[in-house]
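Note that chain A is present in both complexes that follow, paired respectively with chain B and with chain C.
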Partner chain A sequence: MLMQLTISGISQGAIYALIALSLTVVYRSTTIVNFGHGDFVMAGAFLSYVLVVLLGVAFVPAAMLAVVAMFLLGLAFSRGLVRPIRGGPHIGFALMCISAGYVFRGIARIVWGREVLPMPRVFDINPIFIGDLIITGDAIFILSTTAIMLAVFFGVLALTDIGKMVQAVYQSARGAQLIGINVDRFNDFTWGIGAALGAIGGILIAPISLLHPDLGASFLIKGFAAMTLGGFGSLYGAVLGALILGLSEQYAGAYIDSALIDITAYLVIVLVLFLRPHGLFGRKAIVKV
Partner chain B sequence: MPETLMTIRDLHVAYGKKPILRGASYDIHKGECLTLLGANGSGKSTSLNAICGFVRPGAGSVRLGDTELAGLAPHQIFAHGVAQVSQARDLFPDLSVEDNLRLGAMRRGSKTSTTTLAGIYDRFPRLAERRKQPTRTLSGGEQQMVAIGRALMSQPRLLLLDEPSGGLSPEFCEEIAQLMDGLKAEGVTMLMVEQNLKLAFRAADRFIVLRDGAVVDGGDVKAMEHDHDAIIKNIYL
Partner chain C sequence: MMPTQTQLLLRTLLFWAVPLLLLALPLVTNAYVQFIANSIVIFALVALGFNFVIGNLGQLAFANTALFGLGAYGSAILVNSFGLPWIVSIPLAGVAGAAGGFLASAAALRGIRLYYLAIITLAFGELMRWLYVHGKSVTGGTDGMGLPAQSLFGFSLTDDRAKFYIFLVVAVLLFKATLNILRSRVGRSVMAVRENEVATASLGIPTARIIVFAFMWSGFVVGCAGALFALHTSYVFPESFGMLHLIVSFAMVLVGGLGSVIGAVLGAAALTILPEYLRSFPGMEELFFGLIVIAVLLALPDGLASLLRKLSPIFVERYYRE
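On to the complex of A and B.
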């Protein structure tokens, strides 16, 4: 049972990892927490639904189109709504994100009401049996997709010149400007990447759960919990925090009370902020003179 | 007649409603080291930030050769060959020394950066020893070497130095002075803001005194060699 729960937890945590990572990508470069990100995730899921169910596009090209569309939406959101208020108070960014999220949610409600929509199964992957352990086709699909995405993301970050430039902006925006990087354009691009990663999370969720306009809210909290646990702003921490959160939900639900699954994320946020506010990978800045 | 690299005319900069630069005008000659002197709040660092595009001038002109830089963004000004070593250094603390240096040349392309990097290591052998270390693990003096090296990697037409001796030991200040001697010998044009007047007079060819955002004095450092006290009085009194 423990191994079965572990597989389920990692599978769930993989989706949280994409969402937490996409939140962190934006936060690291802009210091903005996208409180509307759950609705970007929802929009990605619904976009793939429209393409697959209503327009009859095959799942893989539909998913790619949805990711590209969400990338462009994130970029346009940054260029059109975030950049113009850059000099204003920080609360303005939060309100802008929340408002944009509610607009997305409102559009989804206008079109589909509050009904829940089933996304058709996209891949008929046979489960793998290892003794008593069953790894479902959905888990295989989610884990392999997420593993590829994370490998590409961290590989580019660590091994390429573009990755070094990204790290440079993350570590000092002013320093990046001093070496000729257009930080405003970089930030637009970052919003696009964040929206695209969130959309991938939404697209992975779609076939295994029911779609509804409010689905983003719970995933936003999971993303926040993973970020808090991993250390706010840490890319690796966001992924590890998400996996630990996914596992915690499964273990707590199975061994203590199934109702705990719904509040594990909140408990994690409270406990981490109380016991280790900078999370597992967060660290205090040291300035040498 | 020395060739002028940069011409600054009637430069006005304000932070909100508070004016900092009020019509500052001066020239920077090719191959010289010009130092801006002045009391705190006189507009020295603001001058550098206005030249680099970090603050937008309300009025006035910053011309590099035939190119007007006033109003351009920092990355555009960098592309014209103006690099700054800022007071806070603004390094990338988790990246290695070598990554920090290479990033300085990234906009220039990687083909020539290897040669330039070798030149930086010749100039700062200590950085060659620490090339794989994250810059946050370096001493303040070594971090300053990285900051200067990173700016030099772009082979700038104009190098701006904001308090290069800030927070460093007297021994390292002398290293900075020797480094600047070497850069001058190679024809690098420099504009420096420096509170350490000993270093400023040791390294600079000319000086300009700013007071309340305007130029009130200036001249050749060597010609004023015996009048440094008078310059200091002009700055602070």
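On to the complex of A and C.
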């Protein structure tokens, strides 16, 4: 029982990790928290649905197409809507993200109405049995995809020049500009990466859950809960926070009350912010007078 | 440009002339127009209260919908379960909203700001909605709860025209009170926190408590608006306080103008009348309000109020003297 819950907790957590990570990537380079990110995730999932179910594309190329499309959308969003309002009040960015999210949600609802869509099962990976333990094909698929994505992501950050640029822009945007990094274009790129990573999360969750236009709100909260738990702005913290969140949802749901699964994320946010506001790995914010 | 003494007088006259003229409105409206007018009054209050936090305090917050719901549910529960007359439930709904504002922002006292505070308010809002749906025995769950017909001093309050007068009185009181607060020491502190919290704190102003106060006043105004809403639709159910309401309140504040009291009225009026046509198409409202906010952010960041300010210095909102 405990092991079974652990496995489903980790595979849920893996998806949350992608969402929290994509939020963190954008936050680190632009200091903008994408309050519409849940809807970006939803949009990625819907795009893959359209391609697979309505256009009959096979799952893997469809997923890739959807991720590329979301990358471009993120880029265009940053270029067309975020750049022009720089210099305005910070609240403007948040409102821009929220409204973009509502636009996605509105479009999804116009196209699909109030229906809840089941994504066809696309993968027939045989479950693995270890004693009483069953690891479903979905869990295998989610875990392996996430593991690969995380390896590529952290590999690029640690080993390439892009990783160094990310670090430079995070430490000081102006300093990065001085050494010849085009910070504007870099930020557009970051938005693209954020949207693409989020879309992967959405695509992975689509086959194991039902799709509906309001999917985004809960993703957003889970992403925030993972970020808050791990420490806002910490990349490793986001991943670890997501795994802890996934596990605590499953444990709380099984051992305490199944209604708790829905609100674990909220409780985590409130508890962490009251008890340890900088999370597990975040730096304590110091206000200079 | 600062308004002159005559212009200031003119402004005061204008403030009282608008509601006085509105007293005549029910004489010329039909039932449908009257219903819309009532909605505008309520949403002007919602925008006023929300603006107090996101415009005047400059803090991103998502709890507005929850506070509105608290007011509406609070009023309906007081009338249904405790048998109070509806009119008495208005200030109590305001108190419920203020309590909600306190809960949503109490983390500020622990030094939590900006995004963290915004996320807490988001979580608070979602928790409240969860409560409406799951607190079946009190809230009626997803079916919601009705409000029995009300009367005041023997006058029946079932007609939209009769309701309008009460809504108007409540709105005028709350607008006046908010303006007075903004002009007071506390109100100036609220706006000082928006400009620079550290500098404000260095003047010996307890900024954390100012933030909590702003949320509580916002909650009070929005809570009262919720009580009006309960009578207005004579039915409260969770869907009225969902995600759509959130973008509607953001859009009203932005279209009117962040931090502008006049803007709250303008935004509410513009955005209550326009989308009436969209109601029957699922998704259209979300798309419409999303696009409106984007357009305003790009093209008119200070909202409709900034156009009025260009027209005449009477509409310049400044809460301090040189």
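Note that in this section the second predicted complex is superposed on the first by the 283 of 289 C-alpha atoms of A that agree within 3 Å, B and C clash if a C-alpha of one lies under 4 Å from a C-alpha of the other, contacts with A are read in each partner's own complex, and residues count from 1 in each chain.
We adopt the following convention: a contact is a pair of C-beta atoms (placed from the backbone, for glycine too) under 8 Å apart; a residue touches a chain by one contact, two chains touch by 3 or more.
All figures in this text were calculated on a predicted structure; none of them were measured in a lab.
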Is A:L178 in contact with chain B, with chain C, with both, or with neither (first, second, both, neither)? first
For A:R109, decide between first (touching chain B), second (touching chain C), both and neither. second
Dominant contact partner of chain A by residue count, chain C or chain B: C
A:L271 in the overlay: touching chain B, chain C, both, or neither? Say first, second, both or neither. neither
Regarding the shared-chain residue A:V156, is it in contact with chain B (first), chain C (second), both, or neither? neither
Look at A:I148 in the shared chain and tell me whether it touches chain B only, chain C only, both, or neither; answer first, second, both or neither. neither
Touching partner for A:M165 - first (chain B), second (chain C), both, neither: first
So in the superposed three-chain picture, is A:D214 touching just chain B, just chain C, both, or none of them (first/second/both/neither)? second
Same chain A residues contacting chain B and chain C, which ones? 288-289
Chain A touches which residues of chain C in the complex? 54, 58, 60, 107, 110-112, 114-116, 118-120, 122-123, 126-127, 130, 134, 198, 201-202, 243, 247, 250-251, 254, 258, 281-294, 297-298, 301
Can you check the complex and tell me which residues of chain B touch chain A? 52, 54, 73-75, 78-79, 83-84, 86, 88-95, 99, 102-104, 106-107, 110, 136, 138-140, 143, 150-151, 154, 166-167
Give every residue of chain A touching chain B within the complex, in rising order. 161, 164-165, 167-168, 171-172, 174-175, 177-184, 286, 288-289
So in the complex, the part of chain A that touches chain C is made up of which residues? 33, 35, 81, 84-85, 88-92, 94-96, 98-103, 105-111, 113-114, 213-214, 217, 220-221, 224, 228, 232, 259, 262-263, 265-266, 269-270, 273-274, 277, 287-289
